[in-house]
Structures are given as structure tokens and as C-alpha cells.
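One structure follows; several queries about it will come next.
Chain lettering (A, B, C, D and E) follows the sequence in which the chains are written, and residue indices restart at 1 in each chain.
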Amino acid sequence: MTEMFLTLEGVTAAYSNMEALRRVNVQVEKGKIACLLGSNGAGKSTLIKAILGLVKVVEGRITFDGEDITREKTHRVVRRGISIVPEGKRIFPKMTTIENLRMGAYIEQDEQAIEERLERVFELFPRLEERAHQIAGTMSGGEQSMLSIGRGLMSSPRLMIFDEPSLGLAPILVEQNFETIQRINEEGTTVFLVEQNASLTLEIASYGYVLQKGKVVAEGTAEQLTDSEVIQSAYLKS
Amino acid sequence: MDDQQRTLAGPWGIIILLGVELIIYVLFLALLLVPGGEILAAEALLLVAAVFYFRRNPALGARIQQLFAAHARIAWIGAVVLVLLIPFFIASSPYWLFTIIIAGLFLTACLGLNLQLGSSGMVNLASAAFYAVGAYAAGLLALGWGWPAWITLPAGAVMAGLFSALLFVPVLKTKGHYLALVTIAFQFMVTILLDNMEWTGGPQGLKNIPLFSVAGYSFNTAINLGFIKLPAYANFFYLMVLVVAVVGVASQRIYSSWVGVTLSTIRDDEIAAQTFGVQVNRWKLVIFSLGNCFIGLAGAFYSHLVGFISPPNFAFDKSLVMVSIVILGGMDNVFGVIVGSLLLIILPEKLRVVQDYRFLIYGLVLIIMLIFRPRGLVPFKARDFLDLAGPVRRKRAASASSTVSEGGA
Amino acid sequence: MRNRFSLLWKRSHKGLVLTLCLLLVLGLVAAQCAPGAGKKETVKISFIGPLTGGNAGPGLGGRNSFLLAVKERNEDPDTKYNYEVVQIDDECKPDVGVQAALKASSDPDVVAGASHYCSMVAISTADTFHNQGMPSMVWGAVLPDITYGNDYVEITRVNGTQINQNEVHAKMMYDMGYRTVSILHDTTDYGRGHLKYFSESWEALGGQILSVQGVNVDQQDYTAELTKIKAENPDFIYFGGLTPSGIPIRKQMVKLGIEAQFNGTSGIKNESFNEALGPDAEGVICFLEGAPIDELPGGKAFLEKYEAEGYEEPPEAYGPFAYVAGHLIIDAIEKVGPDRAKVAEELEKNTKDRDTIIGKVSFDDHGQNIVPLITAYVSQDGKWVSWNKSEYAGGQRQLVPPK
Amino acid sequence: MTFLDILLQQSINGLMLGIMYSLVAVGFTLYFGVLDVINFAHGDFFMLGGFMALMLYAIAEAVGFAGNALVVVIYLFIGSMILTGVVGVVTERVCVKPVSKAPMLISLLVTLGLGIAIREAVRVLYPRGSDPKGFPTLMPQGSFNVGNIVIRYENLIIFGLGIAVIMAVNFLINRTKMGAAIRAVAQDGEAAMMMGVDLDRTIDITFLIGSAVAAVAGIMNGFYYGQTMFNIGAMMGVIGFSAAVIGGLGNIYGAIVGGILFGLLETFAAAALPYGAENKRVFAFLIVILFLVFRPTGILGEKIFERV
Amino acid sequence: MDNSRVFWTEDLSIAFGGLLAVDRVNLDISRGEILGLIGPNGSGKTTIFNLVTGIYTPSTGDFFFEGESLLGKPAYQIARKGIARTFQISRLCLDLSVLDNVFIGMHYRQKYWLVDAVFRRRLLAREVSQARDRAFSLLGVFNEELVDLAGKPVGTLPQIDRRRVEICRAMAMEPKLLLLDEPSAGMTPEEMTELMQDIKKVQEESEGISIIIVEHDMTVIRSISDRVVALNYGRKIAEGTFEEVSDNAEVREAYLGKRGHRL
């Protein structure tokens, strides 16, 4: 019996009349990397916002670690141990690198722990240590992406959600990011990876869902999905 | 439905329609003529009850709207007749007649402001300054050169339009909060300068501005019709109705024309408008000036109504009242501006019964109304061109539109 | 017909419609059921003044004094009528004033009234009262034009004008040896009026004006203007304006260490000035029309009665004038009956040498009270003391001497 | 007095005025950051702060609490800051936040209405609220001379206090965790929530700080000018907003620069221009308009790209 | 000069704060052609649209329409030359009716001015009548039902209809070059197919119109475009038929990551 960490049951949600989710069922297994694939506008971001309580969930239920978190306020959801690396990095542009990272550990009170985590992030991204006192908005896209991931790690989360970590990055950087994600997972954090880039994602993920126009159109293990026609026809190529 | 429609189209429909108009009219007159604050409370209660009622029964409201749409002409005639009869019913109270004239002036000015604020999205918190320009232009021309009011009235409007040029650059270069601040700053500059300049009479303003008179008939004479004696303000009232009619029809026609569509697009999305060939800057300047013309016209009228103007008449709080009228009434909506100006000019007068607490209540009412009806009392509705284009699509029009058409071809 | 109407008014609507009608009727009835009249015939008189806004202080003081006068007369068994006061706020704004004047005069029951503290408002409503034929007695506004700018029989004024005040002011200072003055005035009609009449009087005497600076009423900081004055080193500073500006000017003058006498006009003659400034008010001079109230018979009684009524606000400088206006108006009505034209005639023509708490009152043919007396006051130990009775006049204390 | 003396003296005057403008401008800047709202009632919080202090002083006198002046002053400042701050938070919750997502004009009008309500409430509820109210003299009244210039201890204290408050706010915003949350919300509210920041609480705190700082300015204003009045807030609001914009909206240093610049502008216009005293605001507002047109982001603001 | 070339850019570039969003891009399109513009998010497609419609001014480079340089011209003039566009995030005026939204596309053909608005109602009625018929026929190309919805505020319409209205608004300008920015965003596959047929129909009905379409959905691009240009990091990385471009290694890498060949 595998333990389901995060589950969405029949979740329907709407976001500014645009993207919508229709009765979505998704489960993330503890300690694994689950992924959610889908093209632009498929509703991936809405799904994440639904988990975080940023979008109104019309029906359905979201649970995390056995507890109902449907319609819970964002900061409470985060305090339960979910961390997010949002789409488009969403770093705080007028803060320095280190301030950004400290924001990531906002819910942590223990200064000692924060220092330790900072070191861990710097170990993971030596580049960030070099730029520790630079204003984040002036850094390159790749560095901002590292910062965003680093910031997500700072809360020492039990579940990390990545929203399109490949977006707008050079392929080499994308690969680096994915390697980092894999490493994070290996160190014990459950990962929910939401991506457009299917091939790389399926390489590191164990289980996946394909979202299209707000509905889950396919799911299965990474191998099943890689070979699946669904992905070929509905998502990537014609 | 068909049966109902046929009935509404018949004579019974007309009677019901006139009945509705009459009820509103009586409530309005009662508000003015019954002394004391109880009537205000009673009608406010009535209004709130009606709002809730219509919200729960939207069909009834829709049907009344259809009724008005079906008999637009009769509805208009009825309304005009009722308006023209107002002086007869309140002949005993020049005070209320005067207050209604003031409401009419604010209506004129706010129609101009509505062009800027409502139709094109340009914030103008300096409307009292342009009101002042119109008033002073009229007053100075009348006093200095002895121009008759018939010329100073449009001259005041034109001067206000010309003065708009002072703000042309800021209007194009700033938006939102920043434009608001520009116009506030301009407003303060104008009031301070009016106090300090010699040739505008300084703080003492202009005195003894001649009141209206036509061919020797002074508007300051009471009208004696034999069976009833109307106060002198009745003259001004009818002139005001004329001015409001001209400005109102012009506003409504601008709204229901290509120009209205263009302005709406500029308001909603300047960039999209540009990419469809709209000369956004030119339109903004034209409308800004035109709106100020209307405001200036109201100012000039005020000069000749009271015969005395001075800087405190044109302070920032007047701008606020005008903006409140437009926003509270409903932006880009001539009917909304009418409702807004009647409400916001008459309400403080009725609130006089609570004396000291008047402005506290006024402030609170403003906040509450804005929180609960941020789109105004009469919200903007999609323009309906289908009627204008003739009978071809009548059938379609009936099914596609639920709005009241006000632009008769 | 039921059928037709039922289209609009279904049965379910009926209850609501009925309730609404009932409510309306109730409202109307309630409105009409005003408290029943007493034995005497009721006559309405109006009081108009600033009851809200920045000038509400003196406005409310005037109102209370006026109410006191009316109360006295109503309690007097000899009066023929029962008087009811209609009080209206003019916010000290001309356009609101016109509406207020119209409201009062539109009511045919209102026979006469005391109106206006602010000059601008009084000027703007003169025409209105004239057109409506309602007698209006100005109780606080001081611009000469209010009475001298027209020939209306309806307009009278119980208080003096800026001209009287400034003549006396200039003369007194000149006689004491002051020669140079720096003038501050607010940019309202009130301040500019004082500037005009004081400059005329002062220059006629041969005094020298070092500088004239206008200030805005909503200003808090006057250090820039005062620093300039400090450099000019005048014998005294003249300020034409009201208390809200007067307090910070005096305060900042002290703080900047300007050694010069500070004189104000009637606009600062109120308790707030002394209360707010505390010891800094010491030695400030101002002028007010009329005799010092507590030196006249009846004046003390007025103050005591005012005190006894427990009004929240003090009567302020012009309260006694409003009080007198109330009495004069009622006197006229008692004499000629509640008829506007007769009352107006009576007030303007027959108010001669009347003894009041502000001294004798006589109207000239413009309806202006020719007050024989202007009183100088000096702030002494936190109170306005009339000059002649003060320790300054007695020599125990010293003003800031001329250079 | 020499020309230089006058210049120096006027500079002192301008700085004193400017420091109060700065304190009000800080509030505008904070609110605009976190809620994108221009709170035109802010000037009335400035006024309210002064009246709260007066009320607290009256209470202290009534119960016979009278330590030395320093204790009383501290009590007045802290008490008024708390009370005004609480009023600020309550009004934010009730009036400002519900309309912060509405079109800008609505929020503008609501805050203007709020300003009217606060002003009138003070006038009606405070005993004899329409009169100017004197402030107790609790500051040391001595002075010393540098050449011909008079420098008062009181001025030094108020100026020092103003600078200290601004530095404290700066410390709070830039050096504390709470401040980090406020800045994060200002830059990207949603991302801040994703970090676990409680958005509502952060906005509350911002209004608490903004109102409390305005209260400080209000009390300083009272001590410095010796009086306060219920209607001084409206003009202060407009000037505070102008100062915030001149400095660069959303930037705390900008608020200081803008406030002091506005104060100096007014002072020197009054002192140096012909008819300057009566027209100084005309001049100052003209500068505001020029700034808005030619450098809308203010002296210290950054350029913003409009995304299409 | 190739006469059939309607529009082309020369080394078009723009930088935002040091970042080259569009880097020396050369595009050209012939009369009647449909050009697909593809590339990952942030590769500069929309920015190119913003440049050639005059919303941004290029840092360097130039662009030509019918042989004439439009560099530095204000947006409304460029529009009047015959370039119309839609927006990625719909920029319709949601409070206005469908008809009003389409009318704005006809804005600059109307000779009607402020004075006419007040005094010449007959003229207006005539013009409205014509414009309405044109709008109806445009809306009718897509869907007869849209005609019935003409009086409704756009905000009440479903996503696909809004897209259609937006395209109608652009078509109402009778443009010679139409720029479509992700017309299918936020639609179901069925809706998308429908919309693509519509676009084809539009092109058939208006002879000779050229279309540049930015699209994420490869189905759309394949089915509709004559030629495809791929962008990455603001640079053009490939050009040719859909097959050529989609087989291009650099494109696959840009889209799918380095190991994209596995699929």
C-alpha cells in the first residue's frame, strides 16, 4: 500500500473566466516525483492555485497528508509543509538574493535552521552564494530560476511543487534544473512537477498525469506515458 | 410571453407606464415638500425595499424596462410634461425650486465630467476649477463689456474649453492616480489664484453680475398666471431645463454614436484602441475640452443665476461632489448622472434636519453606497445600436436586447 | 382590468406593495404630526451661520446666544407671540448661504432672521433676502459692503464694520509711539478687508508699512513669512485673520524670537485663542466693536445666563451681537406684528439709541449700527481684558515697546 | 540679519515643515505598495493622531497622572500611535480593502469619503471640536543662538524625533521579518502568500504602521505649532501624496526626499518670490504637475514597463 | 523587389533592460500566405507583434509594409495602413456589446465626427445600418448564432466566441495583414478545430489577405500555415514548411529539451 501524500478528488475550479478545472483527480505519492503535463492554457496553473487556495474550488476535495486543505488560506497551506516554485520564477525583484531566500524560510522561526538551510542551498547553487547581495531583479534568467528553486527549498518542505521550471530557460539550464529537482527528491522531498516539457519530465518522474483543457486525459507511470499515443496526439505534436 | 407583449404594447401598457412615472414624480415632490426628516427616512426605506424586491424579481424590472422601450416616445413626452410642471407644484417654495436649479447646473457640469470620467476614463478632479473659469468668464464679460447673458453663456463654455489646453500635456502623459493628482494640484492652484488675483475681484469675487434678461424681460420677475403665481426662479428653471436638454441630448447622442464607441474603447483599452486606428490622443483632448465646455456652461449659468461669484464657490469640495455624482449615479450613463445629481444635491439639503451631523452622515452614506454599489446606482449597460439602424432586424433586436433604447432615430 | 395589472403585479407582489404604501403613509402622517402649538400664536424667526466646518466655533456661539435671547422672550409672559427658531447652516460658503437664505425666506412663517458670520456669505445673500422681502440682521460679518453696498431696507447690521475697528486700531498704536508695522493677513475677504482699511488708516496717520504678506487659511506653518518679518524688525505685527491662523502665527512668532508687539483683529477675540496659546497669548491686542460686555448692565447677566444654560460652546466674540439681534428682531415683531415688510421698516427706521448689552445701538439709513465705541482688548493672564481696565493701560505691565 | 542668516533660518524652517510632510508621505508610499490604493483619508489620520494625544492628555490630567514632561510625552506618543493605528486598521478592514480591487476612482472616492467622516466625527464628538485646540507645552522651550540664527531645543527634538521615526520605519521595513513580508507583498502579493505570508495580517500591519507614523506627525505638528484643528488633515493629505509622488511612490527614501523638498519649496517660495506668501502653494503645485509630466516615477522611483 | 512580398522586417531588435527580447529577426510574408510563428514561451513572438503594430519601438532594425517603412509611425497610422491584430490575452472591451466591439474595427473608415454625432443622426442611422450589416456578415462567417448575440456584452460570452469576436474586430478593418496571437488559447480541441476552420474561411472570403499566426498548438500550425518560422531567445532558428521546421534539431531542442529526439 503506497501512501498518498497529496490528493485531489473531483476538483472543479475556475480562474478569471479563462482556465478551468473540471473534476480533476490527481494523486501524489509520498517520496516520489509525480508530474502533471499539459500545454499552455491546459489548466496546470489553475490546478496549483487550487491546491494553494488562490482559486476558488467549486467542488471536490483536496487533502494533504491525510488532512483536508480544500479552501484553506494560502499561508496555512504553506505552513503545512508545501512549498512552491511558481511559474515565471516570481522572485521578489527588489530584494537581494539572500533576502529572497530568507523570505522562503518565512515560516521558520529558528535562526539556526535558516542558516543551515542557506548553506545547503548555496551548496546546491554555488552561483547564488556569489550573488548573495545582488538585487534579484538584475540577475540573469538562469540565476533567477535557481533562486526561485532555492527559495522553495528554504522552508524545508515535505512536498515541493514546481510550476514550469523550464519556462524561458536555455536547454542546458533546464537540464540542470531537472537534475536539481531529482536530487531534491532523492534527499527525501516529495515532488510534484508541473511541466510543459514532457520528455525531460518523464525522465525523472515516476507517475504522471496529462491535463488538457482542464481535464485529465491520461495518466500512468512515466513509461506508460512516454509510449502513450495520448501525449503524442493531444499534447506535443500533431 | 407573446400575450404579455401584446398587452404591454396596448393602451394598458401606456397607462401603467404613465402610472410608474407618476408614482416616481409624486415621491419626488413629496420628498421636497413635506418638511422634516421622516419623509427622507420613509422614502429611503422604500427605495431599499424596492431595490431588494427588484433584485429578487428581475422579471418585473425587465418588464417595466420593456414597457419603456416599447413606448419610448410616450415615456419621454410624459416625463417632459411632468418636469415642466414642477414649478407649479412647488411654487410655494422658491428654496426647493432654486435647489432643483442647482441640481440642474450640477447635472450639466456632470454630463461634461461624465464624458471625461465615464466615457473616456480620464480622471478630472479639477471640475470646479473649470466651473470657475466659465463663471468668471461670463461674469467678467458681462460686467466689463456689458455683454448680454446670451453671449456670455456660450462664451463661458468656450473659455472653459480653451483653458483645458493648460492641462493637455498632463492629460496625455499621465493616467490614473497620477492624473488625479495633477488635476487636484491644478484645482488648488486655481482656487488660490482666484483669491489672490486683483482682476477677478480677489476673495470678494464679482458682484452685481446682471441676471438673465431677454428683450427687456428680466428673469428676476415673478410669473403671474392669474390662477397661480410662480416665483421668479421659475424663469431660471425653464432656462435650466432648456440647457440641460441641450447638453443631455448632445451627451446621449455622443454616447450612442461612433464617437461613443470610440471613447468606450479608449477607456477600456487604450492600446487595443490604437491598434485599431483610433487616434487616442486626439480624442482625449477633444473630449477633455468638450467636457470642460459643459462644465464651464454650468458655471456661466450660475454667474447669471445668483449674480455674485467668489472663490469659495469653486473649491475642491465642489469637484468632489461632481465626481461623486458621476460615480454614484453610474459612469458613462446619462440617466445615471441625472439620478446622481438629484440625489447628491437634494440629499444634503434634506439632511439639514440633522444639522451638525450632516457631513458625518454624508461621508458615511458615500462610503456605504460605494462599497455596496461600486458600479453606481444605474450601472453602465451595453450600448444598443440595433434599433437605430431601422426596422430590418426588429425581430432580432427584440430578442437580443433587453436594454432601454434612448436614442430615437 | 385586474387581469391586465396582474401582468405587472402578481398576487405575491401585493403584500409588498401594500406594505410600502403603508410605510409611506405612516411617514407622511408622522411628518405632519408636528408637536401642537402652545396658547400663543407661533412666529418663526431664523438663525443662519456656520454650524459646521472651520468657522463652526463662532457660529455655534452665535447660535446659542440667539437661542438664549429667544428663550428669554418666550418665558416672558408679556410677549404676544411664541417664537420658534429655524436654524440653518451656511458652512461659511457663499453658494450654500444663498440656499440657506432661500430656505429661510421660502417659509412664509419665517418673519425675520439673524444671518451670517462670514462676510462673503452675507454679501451674496443680500439680494436673496431683498428679493424675498425678508428682514435679515447681520450679527457677525464685518465687511462694510454688506450694508453700504446696497440700499436694501431688509438688510441691517448690529455689529460694526472693519472701517471703525481699524481707525481706532491705527490711532491707538500710533499714539503709543509705534511707527512701523509688518502686516500679515489671510487671503479671504475678511483678511483682505482688514488689510485695506488698516493700511488706509495707518498711512493716513503717517505710519510706515514694512511689508504685506498674504497667507492661506489652511496653512499651519508661518515660519517663512515670520522669518522675513524678523529681518524687517518692525515695531509691531498686524494680523488680519481668524483664530485658527492667529494661534500658530503667534506661537511661531514667539518661537522664532521675534520681539515685536502682536496685534490682531476681531477675528481672534475668542476664548480659544487664549486657551490654546496659554502664556504666549500674554500682551496680544485685538479690537472689537461695542462696549466691553461685562462692563455694561445686562452684559454680566447675559454671561451668567449663558453659563446657566450649559451650552457646550462659549458665546465667542459675536455671541452678544447675535443675542442683541434676537432681541431687536423680537422687539420689532412685538411692535408691528409678524409682517415681513413692517418688521423690516421698523428695524431699519426705528432702531435708534437702544440700550443693549453691547452698548447703544442706532442704525443709519443703510441699516448699519453706528457704534460709538470700539473696544481694545488685551490678553492678560489668559483672558481678554478691555484695555482701559488692564494692567497694561495702568502701567503695571508693558507691551513690547516700539523700537 | 544677513542674507546668509536668513537663508539658513529659512532652511531650518523648511526642514521642520518637510519632516512632517515626510512622515505623512511615508504612509502613502506604504499603502500604495501593499494595496495599490491611494488613501486620501491619510491626512485625517495625521489630524486624528493629534486629537488622540489631546484626549490622552486630558485623561491623564483628569486622573492626576503627571510625571515629568518626558514621561508624559512618551505616554502621549505611544498611546496616540496605538489608538490611531487601531482606527487605521479598522477603517482599512471596513472601507479600504473591500474596494481595493475596484477601479481606482472608487477607492479614491471611498477614502475621500472616509476622510470627511473622520474629520466630522472628530468635530462632532470631541468637546468643542470645531475650535482650534491648543497643545500643552511639554517640550523644553529654550533656545540657543548660532550667529543670528535662533535654534530651539524643541526644533532639534522634533527634527531628531522625525528622523528617528523614519529610520525606525526604515529599519522595520528593511531589517525585520515583518518588514520583509510587507516588502514581499508590495512586490508580489501572490508569491508572498506562497512563502507563507498572511496577506491580510500584513496589510493590517502596514496600515497600523502608516497610521501610527501619521499620528507621530500629527503630535509633532501639535507641539511645534502649539495647536491643532479638526480640518488640517485634508490639505495635509494632498501635500503628503504630492510629496510621496515627487519622491517616487513606493519608496520610503523617496517619501523623505519628497517631503523635505516640498517643505523647502514652500518656504523659499514664500520667502523669496514676490507675492510668494500667498502664492507659495501655487508654485509648489506647479512643480508637482511638472514632476508628474516629466518624471512621473519621482526622484527615486524606477522606470516601469507597461506589459502588453 | 519581389512584388508579392507584402510585409517584411529587417534585423528587427528590441531590448528590455539589457535583455534582447527580439534579436535581429528577419521575417517576410507574401500576399495570401499564412505564416506560422512558433517558439517556446518567452521567445519573442508577441514582442514582434507589438513591434510591428507600433506599440513598442524597435531598438534597431526596420519593418516594411507594401514597400514603405513603418518605423516610428504611431500605432493608429500603422493600423490604418492595413495591419490588424488580435491579442494573446483578449483585449476586448467586456462591458461593450459584440457589435460595438466589431464596430471599433471599422473606426477609421467612418467619416463621422463629433459634430455629426450630435446633429446628423440620419447619417448615423445609415452608417450604422451599413456597418451592422457588415458586422453581421463577418460574425455570420463564424457562426450564425453570434449574430443573435450581437447586442450582448462580450463579457457574457464563452471564450471561443470572444476569440471570434476579436478576429471579427480585426477583420472589420479589412486588413491586408492579419496578426493572430494564440487564437486558440483556452479552448477545447473541438473549439480549436472549429476556430481554425473559421480562420480558413475568413481567408478564403477575403482574397489576398496575409496572416501571421502565433500558436502553441502544433495541430493548428500544421493544419493552417503555409510556412513556419521558429523563434528561440528572440532569434529566428528555423524557417520552412512545418515538416522541415519540426524536424529541425534546434527546434526540437528548444521545445522538448535536449533529449527530445526520444519522442
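Following the convention adopted for this analysis, a residue touches a chain if its C-beta (ideal position, glycine included) is under 8 Å from a C-beta of that chain, and two chains touch if they have at least 3 such contacts.
Bear in mind that the values here come from a model prediction, so they are computed numbers and not experimental data.
Colleague: Which is the least count of steps on a path of touching chains running from chain A to chain B?
Modeller: The fewest steps needed to get from chain A to chain B is 2.
Colleague: Count the C-beta contact pairs for A-E and for B-C, then tell me which is higher.
Modeller: Of A-E and B-C, more C-beta pairs in contact link B-C.
Colleague: Based on the averaged CA atom positions, which chain is farthest from chain A?
Modeller: Of all the other chains, the one whose centre lies farthest from chain A is C.
Colleague: So, what's the distance in Å between the C-alpha centres of chain E and chain D?
Modeller: For chain D versus chain E, the centre distance works out to 49 Å.
Colleague: Using mean CA coordinates as chain centres, what's the chain C-chain D distance in Å?
Modeller: Centre separation, chain C to chain D: 34 Å.
Colleague: Taking each chain's centre as the mean position of its Cα atoms, how many Å separate chain B from chain E?
Modeller: 41
Colleague: Identify all positions of chain E at which a residue touches two or more other chains, and write them in rising order.
Modeller: Answer for chain E, listing residues that touch two or more other chains: 55, 87.
Colleague: Enumerate the residues of chain A that touch no fewer than two other chains.
Modeller: As it turns out, chain A has no residue touching two or more other chains.
Colleague: Return the residues of chain C touching two or more other chains; collapse runs of consecutive numbers into ranges.
Modeller: 52, 56, 187, 214, 216
Colleague: Would you mind writing out the residues of chain D in touch with chain B in their complex?
Modeller: Residues in contact with chain B: 32, 38, 95, 98-99, 102-106, 108-110, 112-117, 119-121, 124, 234, 238, 241-242, 245, 249, 275, 278-279, 281-282, 285-286, 288-289, 292-293, 296, 308.
Colleague: Taking the complex as given, what residues does chain D use to touch chain C?
Modeller: 1, 6, 9-10, 13-14, 16-17, 120, 123, 127-128, 130-135, 137, 143, 150, 152, 154-155, 221, 225-227, 229, 231-232, 234-235, 266-268, 270-271, 275, 277-278, 280-281
Colleague: Please name which positions on chain B make contact with chain E in the complex.
Modeller: 249-250, 253-254, 257-262, 264-265, 268-269, 271-280, 286, 290, 380, 382-386, 388-390, 392-393, 396-397, 399-401, 403, 407, 409
Colleague: Tell me, which parts of chain E touch chain B in their complex?
Modeller: Per the touch definition, chain E meets chain B at residues 53-55, 74-80, 84-85, 87, 91-97, 99-100, 103-105, 107-108, 110, 112-114, 116-118, 121-122, 124-125, 127-129, 132, 147-153, 169, 173.
Colleague: What part of chain B is in contact with chain D in the complex they form?
Modeller: Against chain D, the touching part of chain B is residues 117, 123, 169-170, 173-174, 176-178, 180-182, 184-186, 188-189, 192-193, 195-196, 271, 316, 320, 323-324, 327, 356-357, 359-360, 362-364, 366-367, 370-371, 374.
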